[in-house]
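There are two complexes below, and they share chain A, which is joined by chain B in the first and by chain C in the second.
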Partner chain A sequence: MTVRRRWSPAGLALAAPTAFFVIGPLGFLVWMGLAQERADFLERARDLDLLMVVGQVALLATLTTVWACALGVPLAWLTVRTDLPARRLLHWLAPLPLAIPPYIGALVYQILLAPGGMAPRLLGTGSLPVSLYSVAGAAWILGLFTYPYPYLLVSGALERTNPALEEAARGVGLSPRHVLTRVTLPLLRPSLLAGALIVFLYGWADFGVVSLLRVRTLTTIIYEYVQGTLDWALPAALSVLLTAITILVLLLQLRALGRARYTQIVGAAKPAPRIALGAWRWLAFAYAWGVLTLTLLLPLGVLGYQVSRLPASDMGAFLLTQWPYFVNSLWTAVAGASLALVIALGIGWLEGRGLSRSVSGLFQVGYAIPGTVLGLGLAGFLHATLPWIYGTPLALIVAYLVLYITPAYQAVKAALAQLHPSIEEAARSLGRGPLAAFRAVTLPLIKPGLVAGWLLVFVLSMRELAATLIVRPPGFDTLPVRIWIHAMDVGPEPRAAALALALVLTIALPWSLLLSRRLRGISPSV
Partner chain B sequence: MKRTAILLLGLGLGLSAALPTWASASEVVVYSARKEELIRPALDAFQKATGIKVTLLSAKAGDLARRIEMEKSDPKGDVFLGTTAGIAELLRRKGLLAPYFSAAAQEVPEEFRAPDGGWVALTGRVRVLIYNRTLAAERDLPRSYFDLTDPKWKGKVAVASMGERTTVSWLAALMALRGEEATRQYVKGLRDNGLKVLNNNTEVRKAVARGEYAIGITNHYYYLLQLQEDPHSPVGILYPDQGPDGIGTPVFSITAGIIKGAKHPDAARALVDFLLGAQGNRLLVQGEFEIPLIAGIPVPGEDKGVKGLGQFKKARVTQVQLADLEPRVEKLFGPFLIP
Partner chain C sequence: MELLALDRVTKRYAPDRPPAVDALTLTVEQGEILALLGPSGCGKTTTLRLIAGFEVPDSGRVVIRGATMAGPEGWIPPEARGVGIVFQDYALFPHLTVAENVGFGLHHFGRTARQERISQILELVGLGSFARRYPHELSGGQQQRVALARALAPAPALILLDEPFSNLDADLRAQMREEVERILRNTGTTGIFVTHDQEEAFTLAARVGVLNEGRLEQLDAPETIYHHPATLFVAEFVGAADFLPGLVTPYGIVTELGVVANTGAWKIGEKVKVMLRPDDITFVPSSVGDGMIIRRDFRGSETLYCIRLPSGHRVHSSQASSSLYPNGTRVRAEVHLIHVVTFPA
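Moving on, here comes the complex of A and B:
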């Protein structure tokens, strides 16, 4: 059945404001960037070693991707397909490090590995042979705290693929290695690519980690000009460059994925047989817990230790003064997630009824805008067009919406994809109106997917730093901003650690709830 | 539904947190480039003394200045506190600061006030060198900024990025006294000698104290902050260019300016008065380890080798001259002053 796609008034009503907030900031930056004289820009591009910087960021993103996949993919296979001991616990724990924003990971590893840190002191040396303050150090951190993306996508795909395909391959006499390379891996390719892409873009656009670890990237250059000078033109021009390359990467990925499309069978006939690891079991076990130690146990331990260095009464008094910031973070993230979900649901639902796909295509550009760039563009754009939003917490909510509506939309799409329109049609044929049918039939069925999407946006918004730093109104700091100010002013000391721990736990709670749902198979769409 | 309940709860919490700040008539919004921990005691004292609520936005000077410029049709901030006079003077020239002649400002040396009352310096900071006593012997120490290009210091000197406005002001001071070409040569010399650019002055003081670098080009109070954090730190302080042919050591200042069109002009003036007054200024000087510009306030850290105004050879460059040259410094050296 083909549907002629078109624009509908309802679709426009939903899409127009979202697109406005995506295109507006970018347009603003293009306009500001054009004020930069070409000769002037080229001269400063040379002084900045811009080509070298772009190369360095590309290297960083690549190393991050390789490292994250090396951590996440084998772990996914081990927990889903083998008789690894404690695999259910591991399967639940493995995605949890997503609750630790990479900039907090960088703080932790600074405490551990920086010159004068715990490890060098323990070893009795001034510093370690490999510096944390390098591209390799930044990739190390970014990979450690983004590996849950490839893990989630690949383990999800492993759970969904029909084992009959692999059985057939074995049946025709392929060796286990060939089954892996000719059947399993090709089947995993789309999820692997998707996971790798998320990580690549994360490394490419990261601000917090590279800034803490003094790696020169486009985002840190932009931020230095933003915080150190009155100049608009140069940071705007660099922002446009950064976003343009990001969109290019995304388009390339779409083409790559477009050529390799596999129909995944939802709900495999029977679970795949678990591979007995034999003597390798304990090595695999050590590997899995090694990953979790580096990404979860060690960071929590270090933060906890830092917190314990301040007397409990001082810490309590300090945390009490930080309560308003916690509330700020919480309610803007709740509002951002809710708004993103409502709009994503509306558009997803209308798309099922013939709304043009260009609507969702448009706002997905938001996902490609690095936080630093969005912050800069949004501040200028909102001030020029909607001054009543600028300088209020609404600006933060808009930033979260633009940055994270894409994950919400993807969760909605995944949930709706499991429904055949005929189910809703049946309800309508029984005399329900369209909205009543939606509420009575569709909503209960897709609810787990919606909850997952909401939580994902909530988690991402709670930890957003780069855009928030630039658009926050006076007196309205969020938890990540406070962590940042403490870390930059005094370093990763007890109070920064306490705020970091508070943030991690706040995110980890809903996140682990979501993960246990997934474990019970209620919400496969994450 | 549960989700709706959570949503309402969240909105309720948020409103209850946000309402007081919006509803408060007696308020002053401070855009502060100053390290928050250090400026808090003085602001809290003001809030306590006057009952005027202080809403603080802490960010770097350029970020705040950009906001002020952008918001000029509808200012959100009342008072701008800059870490050097340079950026305040740039804002004044753009007509973004409102003149105010506080009676208390008469005590501040003329050089540290804008002629039209657009900004006034509250306290002073001196651009010194700090050094690691185990890595640099007393007799080997440089006597001038210009000694730092000596191969002896190759890879051993650190400075903060241009996100710290004092780095920009420092090069502007050199440019004012030695000219553009000499400054260019000097910066090139530093780069060739492996000058390390760190994120901020806090990193500079920590790295020097840990022995990663022998010398840090930074502001004098970082020396005291380091000793406060760890009294046994092997750090020393050095006032460069004190000799007869030296240019002297530049002094910068925390400056306050009232933003033009501020929503709370009276509260803004009250804050500036307070910060220049005996109680407020003393708190500011002590809390920040700065040097006083007003007579009669003790110099923090005098026992540790910190010198007050008049006790060392000050570079002969005015705050206004610095502002003249800062945009040029940004343009010429900005790209090199990023980590």
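Moving on, here comes the complex of A and C:
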């Protein structure tokens, strides 16, 4: 007699190690953070001007959110619901800037806007009236390279909205303007909120951009402490603060959405009629291409131009020396993505067979931890418990696993949700055991979703900087780490640009594959 | 020979809810076609899933061909039961061709034996020329046939059909019903199908089991179910029925519409309900009649009248479609009962 278990041995075998690596680092930080004298901590917090720093990070995250939504939301509406010229091309191009990590964006705009950069020289002035090295400058960069999050979520929601809802509103006598304010926008609320939230938390937890632009935030203070001193208490306390506010924001989002339902998907709903922009269409056209110029065309052009300034032979010799770092990035990202996908698949599959949902719930926690915090927590935790992992590239793979198993899990769940349980039952009734049925039927059918999930985690791991910087073993640099070190030590010179271009091109291929696989429903984060 | 036996099988999904299947006992003979009929939520699909092995019973025993599939001594997984299933949504494998779908259960066969069996079965269901198509390239009726062929290919002892015709258009439904019956009888396959459609159950099955809230209310030939319903639920669920109160007297059971025979051996003085089917009641228009037509439903082959009696009770009468009386017509209703069915009041 088989007994239904909430926790099968296989489920435990998969969930326990991952849970260990999620809970462990956080627990370690909380423990370290609480270990110090309260008075002592307050005094040091005053020395650091901690309140001012927190306020500054909050301002940065808010500005970033407003700026990213201002770029992404109108663009989503224009490409999905209006007769904007070349809207298909724009719709395909708009998410591509996600292939440019914001720290590379910072590098690009340093080349362009820093004192003595291309723009000031072109204008014949030494520097610009607003410095790039400020909260406003960091928000400018972060907004430019995170706007695809609100864009993807809002355009996806606009595509899914049943036009019959808007027609019903017209039918009861609402004017087109009232339909927009009372039906369309309220229906977009959750996706708008979700997109804004991703950007806000990105700005809140960013390390790459603010470090390059010399803006003091919680993450840069944590990193300075980790590098400079052997003192764990203060960075641990700051990490707990950083994570606590992150989780608070996530909980607020859950509350804000409440119990109302917003999805209204009808199988054969016809697409909504496009709104004719009339004379406005060329202004809208200029706006759309303006956004893409700032976020995609200009960065690629600047990087390309910067690379071309160095003689080809020098560049070749330089890139050859950097080859090991590229290999480091590649294999750790491949290993991280593969491991995350296998575990996510195991959990997703077992969840359909009675595994408690608290397992996947646990992983969402890992997703909410800022990279800097996870790096610090994991380094300390591994050092204390598994020293044979600490100081090896395995630690990096564990970091990628904890940070990105959630998107892998979401991709697996989305793929499995497409399958009616009767498909697998049919295979069982035809004489296949559970594993044989999975191999013969389920696996081939969910393969596209698995490939998409793998590519997503691969891209995210390839570009990860903050956790990698702290967790990597001495001498084991990845491409993002090399780019960051170059840009910090030497500045945005041609060699850094060459590495950045190499990384962008490596990411761009799988990323555009993902987009063409119509993965737009899944929200990749940080 | 007894092919399937369920012995007091009980399945409960949640401890605080009534069981989905409650001490169900029934047997199915080799080659028989049995229908399980009942409203949604009556436990008929759960019963199928218990037989197939997708659910584990809390207690009781499932026996197929004398071997215990589920019971105190153990549980056999679905893949080892040799039970074919046709799912309501067909559950065809979209990444496999028709031939590969049909051959899916033949993985123990040799290559040539498999090919032969596939073409044989596809001929049987009339899809010989569709072997290389994919499921999405077929019509609903063709998909259904593939699902049936796939389930039949490994020559299962028993085939289960879960609302097999509910996804088909009405005209196709009647055609597929005949075809499925022909195929099952030609192959000598024992079949159990569940449905909420009594017409489907009556035309296809030799015996019909009526389920209500997880319990088997009656298991009998269709005629018996209709004319001699064992319970009030069966009487109401199968076919239309009205009930008139009656008083048992030495001369028979006295009702508002006359006296009917006391076939139920009720004691004198007892109060009962007498079941009246629409075809048990006729009426003649009469200016002194005390009934009144209050509703007329034209149904094509028949016209159904609703008549209000002086007591306020309503009865229905089925008449030829050529019969036309407007609402408000005064009538005298008469009862012609061949089968007297009574229940305690």
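Quick notes on this structure:
FYI, the second predicted complex is superposed on the first by the 504 of 526 C-alpha atoms of A that agree within 3 Å, B and C clash if a C-alpha of one lies under 4 Å from a C-alpha of the other, contacts with A are read in each partner's own complex, and residues count from 1 in each chain.
The rule we apply is simple: a residue touches a chain if its C-beta (ideal position, glycine included) is under 8 Å from a C-beta of that chain, and two chains touch if they have at least 3 such contacts.
Everything numeric here is computed off the predicted structure, so don't read it as measured data.
Taken together through their common chain A, the two structures put chain B and chain C side by side without a clash. Shared-chain residue A:379: touches chain B; no touch with chain C.
Once the two complexes are laid over each other on the shared chain, residue contacts for A:331 go to chain B alone; chain C is not touched.
The angle formed at chain A by the C-alpha centres of chain B and chain C is 150 degrees to the nearest 10.
After overlaying the two complexes on the shared chain, residue contacts for A:489 are found with chain B alone; chain C is out of touch. In the overlay built on the shared chain, the residue A:211 is in contact with chain B alone; chain C does not reach it. In the superposition on chain A, A:470 contacts chain B only, with no contact to chain C. Between chain B and chain C, B contacts the larger number of chain A residues. When the shared chain is aligned, no partner comes close enough to touch A:400: not chain B, not chain C. Once the two complexes are overlaid on the shared chain, A:426 sits against chain C while remaining clear of chain B. Closest C-alpha contact of chain B with chain C, superposed model: 15 Å. Residue overlap on chain A between the chain B contacts of one complex and the chain C contacts of the other is empty. Across the interface of their complex, chain A is touched by residues 52-54, 56, 72, 74-75, 77-85, 87-89, 91-95, 104-105, 107-108, 150-151, 154 of chain C.
Every residue of chain A that touches chain C in the complex is listed here, in rising order: 1-2, 4, 420, 422-423, 425-434, 436-437, 440-441, 444-445. Those residues of chain A whose C-beta lies close enough to touch chain B in the complex are 44, 47-49, 115-116, 126-127, 211-212, 214-216, 220-221, 223-232, 324, 327-328, 330-332, 334-335, 338, 379-380, 383, 387, 391, 393, 451, 454, 469-470, 472-477, 485, 488-491.
Of all residues in chain B, those touching chain A in their complex are 3, 6-7, 10-11, 13-14, 17-18, 21, 29-31, 35-37, 55-63, 65-67, 69-71, 73-74, 76-77, 87, 90, 161-165, 168, 197-200, 202-203, 206-207, 210-212, 327, 330-331, 334-339.
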